[in-house]
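What follows is a structure written as structure tokens; I'll ask about it next.
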Amino acid sequence: MTFDLLIGLLSVALLTATPVLMAMLGETLTQRAGIINLGVEGQMLVGAAAGFAATHSSGNPWLGLLVGAAAGLMLSTVHALLCLQLGVNQIASGLALMFLGNGLSSYYGTPLVGQQIDGFTNMAQGSLAQLPLIGHFLAQLTPTVYLGFVLVVLCGIFLYRTQWGLIWRAAGESADALHMLGRHPGLIRLVAILIGGAFSGLAGAALSVDYTRTWVEQMTAGRGLLAVGLVIVARWNPWLVLPVALIFGLSEALSLRLQSTGADISPYLLGTLPYVVPLIVLLLSYRASQRGTAMPQELAGVFRGMA
Amino acid sequence: MTLSNLQGISSRLTVPVIGAAVFLVLAAGFFYANGYAPLDIFGQILQGAFGNAFSINTTLTKTIPILFCALATALPARMGLVSVGAEGQLYFGALIGTAIVLHWTAAPLWQLLPAALLLTLLGGACWGAIPGMLRAGLGVNETIVTILMNYIGIQLVEYAVYGPWKDAGNLGWPATIAFPDSAKFPVINIGSLSSNWALPLAILIALALHILVEKSRWGTGLSLLRSNPRVAKLAGLSYPQQVIAIMAIAGSLAGLAGYVQTANVQSHLQPDISSGYGYVGFLVAWLAGQNFLRIIPVALIMGGLLSAGDALQLMAQIPFSSTLILQALLFISVLSVSAWQQKRRNAA
Amino acid sequence: MQIQLNNVSKKFGSVQANDQVSLAIGDSEVLALLGENGAGKSTLMKVLYGYYQADGGQITINGETVAITSPKDAMAHGIGMVFQQFSLIPALTVLENLLLAYPGAPAWHSRKNTQQVLTLLAEFAPGVAPNRRVAELSVGQRQQVELVKVLNQDARLVILDEPTSVLAPEEVQRLYGVIHKLVESGRSVVIITHKLEDVKACAHRVAVMRSGRLVSDTDARQITAEQIVALMVGDTVLQSVAHTRPDADSIVRVSIRNLHSQTDTLHLDNINLDIARGEVIGIAGVSGNGQDLLADALTGMATITSGEVLLDGEVLHSHEQAVPHDARQGYIPEYPLKNAVASDMSNSLNLALRRLKQLSLFPRWRELDTHADELMNRFDVRPRNSKLASGRLSGGNLQKLVIARELSESRQFVVACYPTMGLDLHATQAVYDAMFRQANEGAAVLWISEDLDDLLRYAHRIAVIYHGRLAGIMPAVSADRVQLGHLMTHGALQ
């Protein structure tokens, strides 16, 4: 009985963590190149709206994910323009993106409110569901969760096992050193912002097309911000993104579970869990993450709050 | 007026003037792309902001919380802190202020209002001090913490009004009992203009902060802490202590915004205290260059924009979210122009 | 490879860093490029390396004029440079740093295909494991890895920028050996330095620069040390430095007891030291052994985990209290731009910093300006603009500003951490004069320096810091360079 409970909890946790995971991966790559983008929230929102619209009109959830990623990428060009080209402060630029993404998604998403879509076909009939023991568990997951796993592996291998990944990491540590070697950290950072935008857009689409299968204004409710904060907890390491995203996932799953069991705790208080728990984890690990060489050094000024 | 004086003034005007120009182009582009005639819309916006007595009063009403929230952003910014937490501080301040109103409902104005304000200040101060302490003690980036705490603050208010403080007499509508007049800021009526005493209070605080920050030793200390916290130690200043103090003061100012909205505008504590005034306030502070004097007119203009947004939604069926886009475009315009000017200066 | 620099000029703002310099570098030779700090030698080599672009003149290699617009171009021509501020990335491992700079690095990293960058490691950086993070290496080891990085790119000319200034005497000897090895293998070496021992040990030719011009270019055997110094210094009249003598009664002024302190990367262990009135204690040591933490802890800028600093018998700083702004203390920290001034605030304000709390709530700012003007005059800080942001001052003038603030009033305890690093002769003299004047008037002075010669010349006693501990202390008059060198590298006497 309890085993089923735990499995149920874990599968919900994975489902709800996947958008955060994807956003975290994108922001990890961006920060590894030396740029912080608080606009992830805005990028997720446009991705959610655009992805939902695409799935609604085409009936194809995969197209929704693709369009969502494209929308996020397009919005991220604003951050690239402001920070890289004009030299605007990264925190301010990210916030501007957050406002813009919020506004654009709310405005263009107005006709989408209340619409419904089918989402991904149920995995319960597939071959994975036939596996012994874990089949039942795997069937509760959706293709986007598996996509998330694949992306984790791709990012991990890219950063730590390829020459381009090495150069990418060097851009986040010392733009000067790269200049000396005749490379262009600016170009790498541009690509990093765009890829981060694509990942965030994908994350938003995963949220609206797969997890909730609806569109509501401001539906990401801070997940993008959490993702940026949790990148620090994951020590900018793609391999750690999954367990850390699960911190959020489990908090949310727990909160939902407690609400549905009719527990006497107000759903609004429970609703603070997915914010409070990751925040506390962030605080506990903050000191430790500043120590040693885990943080890309080009971010040092931004994080120490030199506005 | 010497040449360098003129040059000085013109360089200071560049950002607002060119920024406004860029904004108008972008805004016009947005409206045009959505099938509206830009000049038409601009006209309606002006009408909805300042066109008649009703518009002006709506503008003034919205200016009050915007102004408080802008002050709550600009003060930490003078120390180099980027706080986006006015929204949450607004909610939490309102929550704590409401507590005493609910328990002391029968008290007279000269007792109840000051008590409520005091508790609001304390509540807002707490909500602001928390990110301050985390920044001072652990070095955690205050931008991320303040925004996350916004969501938590809103949830806490929802908990209260859907739960223990819900007025049964409201037929399911989540809100507290109505606030008595003794809990509200007294109204000011001049001709057809109508506002309340929170407005002059906010303006007075802005002026006081301006003088303190620009001319006093304390203000210079803030600039020093912003410039180099380590070197500030040599002047006997403690960065951790100052961070907490400033964030607490900022929080209490935003809390006041929450209280005015709750008591005077909505008369109940309810889930939607604010139409994002915390974020609008943040924007106003940036647009005004974190200058307390300039914040006053900029807050008024923003109040006008939001008031017009209401009107646009009503008359032209343009969703209120268009004002969100306009605000974002304005922010981006000013950021770009100011960065571009800085680039030109550095190249010289 | 014959390299010729022809009439190279380079200007930074109003400063002519290089003025029509013509210099030739031939095969298999060691050229020592000498000059005071600010003479332009580093700039010249950075132009050759493509880090800067010359305003005038050209570079030819083997007779052909070449355009070197970036370090990448320079490396393609076989020119490599090992910098003072190293260009290794501390967070990455040795292997990763070498791969990053390797021209033909493989796209996919496996254990096998990354071996190629490590072939020279054993020879030129013995004892350095490829998978260690550069952050964990000592300064000397980092320099070795930098050299391997440069050699991996097939450099025929290796430029070393002030290589010996960060090394202990033993490591310096090892470096000379490496230079000989490089020359024997057919490469050329340019060593930028201001130390005469470097010339004596390995140079074939000596070129001296002064104020941006090349003033001499001769065979090393045909010039004497005195002549070199004269050329470096020119006809500058040196201000005499106030020489000091400790008080005859040696009353202890500052007492450091069992001081412990800790940061993420550094630590101080059990520092015990007494400084008498009027005494100048010099602290020698290889950089990275805790010097800046020592200076910070002694002045209350870093947390003291246990122990205390006593001034005239009372506790000044301890775990419970730290008073960095105490008026009896004067502090000249390392990296003044970052640690001693608020760079975007005016000179007036930076000069009034220590007194900020004593000002009234609404101070008369004009008075501060007048006071600043007076101080800037006295200490020759240029440009004499009290409203200018301090960050715009050049290195020497900035340090003079800091001196003007810290040492213009009588202090009882002065801590100076690398106060003359990177300064030209004039500025150096001004700093020493101010410091030792304080000592003459009874202050206890603790002076951390990278220059053993200056320490031996001016300090009364010299202590060596090693791994956060004081490894030994001796009177300067009887101090032995070899002994000090050994203490610096091994922490104990033979």
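Labels for the chains are A, B and C, by order of writing; each one numbers its residues from 1.
By our rule, a contact is a pair of C-beta atoms (placed from the backbone, for glycine too) under 8 Å apart; a residue touches a chain by one contact, two chains touch by 3 or more.
If you're wondering where the values come from, they're calculated on a predicted model, not measured in any experiment.
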Report summary line: Relative to subunit A, largest Cα-centroid distance belongs to chain C
Query raised in the report: Looking at A-C and A-B, which one has the bigger number of contacting C-beta pairs?
Result: A-B
**Report entry** Distance between the centres, which are taken as Cα means, of subunit C and subunit B, whole angstrom
**Finding:** 49
Query raised in the report: For subunit A and subunit C, what's the span in angstrom between their mean Cα positions?
Result: 45
Report summary line: Per the C-alpha means, the centres of subunit A and subunit B lie apart by a whole-Å value of 29
Query raised in the report: Which residue numbers or ranges of subunit A touch two or more of the other chains?
Result: 290
**Report entry** Touching residues (chain side subunit A, partner subunit C) in the complex
**Finding:** 161-164, 166-167, 169-170, 173-174, 176-177, 179-182, 290-294, 296-297
Requested in this report: Show which residues of subunit B lie in contact with subunit C when the two form their complex.
Outcome: 215-218, 220-221, 223-224, 227-228, 230-237
Query - subunit C - residues contacting subunit A, complex - result: 51, 70-73, 75, 87-92, 96, 99-101, 105-109, 133, 135, 264
Requested in this report: Write out the stretch or stretches of subunit A touching subunit B in their complex.
Outcome: 38, 78, 81-82, 86-89, 91-93, 95-96, 99-100, 102-104, 106-107, 110, 217, 221-222, 225-226, 228-229, 266, 268-269, 271-272, 275-276, 279, 282-283, 286-287, 290, 303-307
Query raised in the report: In their shared complex, at which residues does subunit B touch subunit A?
Result: 77, 80-82, 84, 134-135, 138-145, 147-152, 155-156, 158-159, 162-163, 226, 279, 282-283, 286, 319, 321-329, 331-332, 335-336, 339-340, 342-343
